[in-house]
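Once you've had a glance at the structure underneath, I'll fire off some questions.
Note that the chains are named A, B, C, D, E and F in the order they appear, and that numbering of residues resets to 1 at the start of each chain.
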Amino acid sequence: MAKKNEKIEYVKNGKRVDGRKVDELRPIKMEVGVLPNADGSAYLEWGQNKVLVGVHGPKEALPKHKQNPYKGLVRFVYRMATFSVPDRKNPRPGRREVEISKVSGEALEKAIFLENFPNCAIDVYLEIFDSNAGSRAAGITAASLAIADAGIPMKDLVCAVGVGKAGGEIILDLNKTEEDAPDAVDIPIAIMPRTKEITLLQMDGLFTKAEWKKASKLAFEGCDQLKKMQEEALRKKFDTAEKKK
Amino acid sequence: MAKKNEKIEYVKNGKRVDGRKVDELRPIKMEVGVLPNADGSAYLEWGQNKVLVGVHGPKEALPKHKQNPYKGLVRFVYRMATFSVPDRKNPRPGRREVEISKVSGEALEKAIFLENFPNCAIDVYLEIFDSNAGSRAAGITAASLAIADAGIPMKDLVCAVGVGKAGGEIILDLNKTEEDAPDAVDIPIAIMPRTKEITLLQMDGLFTKAEWKKASKLAFEGCDQLKKMQEEALRKKFDTAEKKK
Amino acid sequence: MAKKNEKIEYVKNGKRVDGRKVDELRPIKMEVGVLPNADGSAYLEWGQNKVLVGVHGPKEALPKHKQNPYKGLVRFVYRMATFSVPDRKNPRPGRREVEISKVSGEALEKAIFLENFPNCAIDVYLEIFDSNAGSRAAGITAASLAIADAGIPMKDLVCAVGVGKAGGEIILDLNKTEEDAPDAVDIPIAIMPRTKEITLLQMDGLFTKAEWKKASKLAFEGCDQLKKMQEEALRKKFDTAEKKK
Amino acid sequence: MENILWNVKTDKVLSLIKEGKRADERKLDEYRSISITKNISENADGSAKVKLGDTEVYAGVKMMPGTPYPDNPDQGTISVGAELMPLASPEFEVGPPREKAIELARVVDRCIRESKTVDFKSLCVREGELVWIVFIDTYVSNYDGNAFDATSIAALAALNLVQIPKLEDDKIVKGEYTGKLKISKQPLLSTVAKIGGKLVSDPTLVEEKAMEARFSCGTVDDTIMCAFQKGEAGSFTVEEIDECIDRSFKNSKEIRKLV
Amino acid sequence: MENILWNVKTDKVLSLIKEGKRADERKLDEYRSISITKNISENADGSAKVKLGDTEVYAGVKMMPGTPYPDNPDQGTISVGAELMPLASPEFEVGPPREKAIELARVVDRCIRESKTVDFKSLCVREGELVWIVFIDTYVSNYDGNAFDATSIAALAALNLVQIPKLEDDKIVKGEYTGKLKISKQPLLSTVAKIGGKLVSDPTLVEEKAMEARFSCGTVDDTIMCAFQKGEAGSFTVEEIDECIDRSFKNSKEIRKLV
Amino acid sequence: MENILWNVKTDKVLSLIKEGKRADERKLDEYRSISITKNISENADGSAKVKLGDTEVYAGVKMMPGTPYPDNPDQGTISVGAELMPLASPEFEVGPPREKAIELARVVDRCIRESKTVDFKSLCVREGELVWIVFIDTYVSNYDGNAFDATSIAALAALNLVQIPKLEDDKIVKGEYTGKLKISKQPLLSTVAKIGGKLVSDPTLVEEKAMEARFSCGTVDDTIMCAFQKGEAGSFTVEEIDECIDRSFKNSKEIRKLV
């Protein structure tokens, strides 16, 4: 962790603290269909972040009084393993996990043909086993894959990424050192790339509108890259499945 | 707060520490119909105490196995805001709040024609935003108003007041300084004034029967005053409603 | 409590620290039918351990989705009173109590004709009021009596005892001093004596297979003694009931 | 479910009480027999079991060192817990204490606390740093009415037996004691149920099912009261309360001889 | 249960909004009237009640001494709580805060925290040992939509009134204060609902029932933003977000005059 | 719901096992293949993922400074947690650990603790003041039976990799370590299911659905046992237990080579 009073140059000769360009994502690895007992699943490594997602459903939503007769529910559970953070996390879910679960589920709803599944629930369970800034974006990106893997009809994949500021520079996909900058701004954003719709948007820090304009452009570009990786991961699973036949 | 070892004269020349007479209530302000979304509501200031009450119902009692086929239920929730007391209160309800909720609900039941509402519940929610001795009496007095405001048929209003002892004197409506007297006795009491029935009675402290005789007389007199104020508050709301027509 | 570094001879001239022989049980007192409101009950003193058990049922298992249409459920609740241990126990049940409840219930199931009670539950509630090693064995032994007292048909009584090692010696029914030996091994075991079936078996400590052979033999002998006491206690209750007629 | 059976039973109770009679032939102001078993747990610092008719309560006390409240740096305190065990009645559930058990614990706590029978200053070990907390935990193991009085008797009986543990380096030395805890008064609750308009002392479970209201009065001795608690949906007149108070003095005087 | 009634109401809202109109005759970017009552609790160190149309929020602040986080030994902190009171709507339940209330509290917390309006270093009493924790607790007592803005206004109004309690031996001296807490900026949330494809500021309850998505933007002043929060299942285009941001600057500028 | 499907499957398992066969063609005393992935989390002080057939468990260890128990002022301790993730099976629920997960955690804890593979005295930093607590947390991410063995293997594999964090002023210096935690023994659980009267090692989920009883034996090496746990409603004869013990020694010997 960067000492907050230390003077760091967050971009020097076009390179960031970890050698990336301002619009460059950390290394990402995606794998689909990793959990035999889930209807759909994905494992994603994004820099140091490691995310496992499983999807159960669509299935009847219980208890009954929570059912919606017009469309299915997305119930998203985001959790962090005790050992996934620098200090041991309390095993009980905290308020941060509750909020992230809520907005992450909302970020996925629009991409799913929920009207096909009245009275049903789609349960998305996500566990972070290692983290270093950007775990909610990694989670949404992985969850979108797992939902597709479950064969649930979708209008588009959902891609999510962090964008923001460190040392006065607008950069894509902040890592922990950058998030700890004295002037850091962190903006997790989820996008349906085909229609360019934003389904998650949060912000921490002090930011001007001009900076936002620059940052949002970076975010859309990053999500285009992510979508290609997602498609590649789904294709790979499909090819493997074909070969097994 | 009075230091417990300090020698205080709790009644001097017929005047108490805050200038009141022994049988005098603190200044009280009552307002009815303050919450648009509740079926009935009241806001009450009693000395420094500030109480907001809302009533929902009568409505079907759920879960079903809690229903009583012969009469309605009163479900009373007494809560204190974190900032309503000298030290910050834990936001989670404590055992004191649970007990007060129970006895306050019981104090109101007899005044309501509950037999008119089989299988139903009347939910009374009360929040104390500021306090200084006597919040449960203030709460019951306000709740009775809110129930009347909800148009629920009642045999009588319920009035509640604290009565007790400080510095050897039997006094009406103790404030915090008096409650902190070394020999303090605090007796919250709720009364249906028309029939002179006691529906709540608790006591803390050391007291003789002779003292109780004197105290109970003060309490009945205090409740007669309260009833007049309650009726005035209800009339005011009715008048205002009439004028709007 | 024995200091762990102190050199204790756990068996000296054939006698243990409390004067017992290696295969001798502590003094045991059993009484059946002690709780008027329970369908069956028992009170048991075993050395310093004091156990009260009550049984309710068989009755319809609720909530309904927990019902098994083929056989009844045993729901076992093991709890320790706050004052039953050297340090005050937190009134909330801990993980130890949850585990003991689970395995104790499982230890009793095979002895009961549960197939006679589809969709039903047999609730066993047990409270330890005083303890000194061996409370779960005492509890299972007492619970078996209470179930018999409730008139629930059983294939056999269940007897349970602790067996293990202290100071290198294989001994029956360890007390607290023995359980605190540096090399202590504690093996709670439950047996259906007629068919010699083991229905509970746990172990803490370092043990060889040869030692287990010796220990299991001791356990079976101990359970034979326990069964006689259980039968005696049931007979006594039956005789008393007869006399009252 | 069992409503019909209870209705038959409570109808019977009501018709008897209207004639001034009770199912168990007691007078309206009469208590059931009381038996007290002392020292029911060696791990407790004081303990007792009380039977009031078929109502049975176990009580145990543990003294634990703790830090004082900032407001009262020279005082220890007491804490009363009450559990209505699922054992005691098919109506009680497993789980965290419900409002009934919380009310029971708090009323018994107030009766002991306000009587000042335990001198909180005597519980101070080192001002501002270390005081004794006297945990009094009670368990209703068979419920046949009047848990208030039975629990109050059990708590007091256990308290009367408390030995103060020895401290070394501010930690308890297991099994060693420095003397008895001083209990200067004998506060007890005494409860009256109002049934069919009559006042009935020490109600049984079926009487409680028939009662409109309940009033408990704690007394310290023959003249001083230390607690009131009215419960349930019914009401009392002030004359009825006065009668309840008189009975409490009378009945607790008798019970005090047994504790 | 009430679905049919709500459907009728939301259909009405939708058809009005398609014509650029609202049931209460406001313009799409217009706020309801706001009234602020200051000092609603003497026990609080600062407090206020805010009415935004029929949405009502009580807020109170308590400053409490505590130990700093090891990472920031020279800094105090703030904590924001939010409760959707059962009073406020028949749809809210008694019990621990659900995800709606948790989201509300956390977004209001971020808006204040990230604005740096409270200098956490100024909350340090003794580095590594004692700092102030500023507890801002809010209660929605009547819910007619847009709890985010109403709660943010109430929290800021209460914060602006906070007096710092006097400390003696690291304990608070009740009723004595050493001065006002310095609040250097006036951060406020401003929320837009997307309804039938249109952007609608300060939505009422029935408008929220009809909305697809919600976006709140926190602003510190006329040029700096300090928080975003998008909610609900719908989406926004980047152009819509830009429009929401512009409205937030404009609307919060007006509200800032009242706080 | 799925009962009928399970009944068909377990009937099949039972009829196969009566002939000494298994659905996956294993022998009755044979394990599924095991694969171990080390260091699956950089934030953990040691971590591993284990696959036992299709049963998958993540384990991570965090060492945290804490205060010792008064009884053992010169000893640290371990703590084992286990979570049956909702991911792992549609039958597992979100929420606090149920009795199944608690039993799993406690048995794995006892197997490690009683083996004395971690010397608790070596975890002491300053007697009576500061010791290490070794938190071993495990997550079952896909459940196809025999969580006991898979979790025990994962916990041990993670423990074998633990680096001791550097302390400065009694606080952890992030990312710096002073050496490896000494693990002197390799305790492992080995589980046998009794199905149709036969003993079946390393049961799959469908075999567990058909089993009457389960017995797990922890072994430290080729001659010493450190834990027993019998589970489920069925019973074992003492001869069957002896056979289970023999198998545990044999099977754990093989697994020990992989960890």
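Here is the rule we use: contacts are C-beta pairs under 8 Å (C-beta built on N, C-alpha and C of every residue); 3 or more make two chains touch, one makes a residue touch a chain.
Remember, it's a predicted structure, so these values are computed and weren't measured experimentally.
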Exercise. If you take the chains that touch chain C and keep only those that also touch chain F, what is left?
Worked result: none
For this session: List every chain that touches both chain A and chain E.
Result: none
Exercise. Pick from C-D, B-E or A-E: which pair repeats the contacts of C-F, with over half of them the same residue pairs?
Worked result: A-E
Problem set entry | Chain at maximum distance from chain E, centres defined as averaged CA atoms | C
Exercise. Of all the other chains, whose mean CA position lies farthest from chain A?
Worked result: D
Exercise. What is the distance, in whole Å, between the centres of chain A and chain C, each centre taken as the mean of its C-alpha atoms?
Worked result: 52
Exercise. Any idea how many Å lie between the Cα centroids of chain D and chain E?
Worked result: 47
Seminar exercise, completed: Whole-angstrom distance, CA centroid of chain A to CA centroid of chain F, is 31
Exercise. Counting only residues that touch at least 2 other chains, which ones in chain B make the list?
Worked result: none
Problem set entry | Residues of chain E touching at least two other chains | none
Exercise. Classify the inter-chain contact topology: is it line, ring, star, complete, or other?
Worked result: ring
Problem set entry | Order in which chains appear around the ring, chain B first, chain D after it | B, D, C, F, A, E
For this session: In the complex, go through chain B and note every residue touching chain E.
Result: 1, 35-38, 41, 48, 50, 52-54, 56, 59, 77, 81-88, 91-92, 123, 125, 127, 129-132
Seminar exercise, completed: Per the touch rule above, chain D residues touching chain C in the complex are 40-45, 47, 54, 56, 58, 60-62, 64, 81, 83, 85-90, 94, 96, 135, 137, 139, 141-144, 172, 174
Exercise. So in the complex, which bits of chain E are touching chain A?
Worked result: 99-100, 102-103, 105-106, 110, 114-116, 215, 220, 223-238, 241-242, 245-246
Problem set entry | chain D-facing residues of chain B, complex | 95-96, 98-99, 101-103, 106, 109-110, 187, 192, 195-209, 212-213, 216, 220
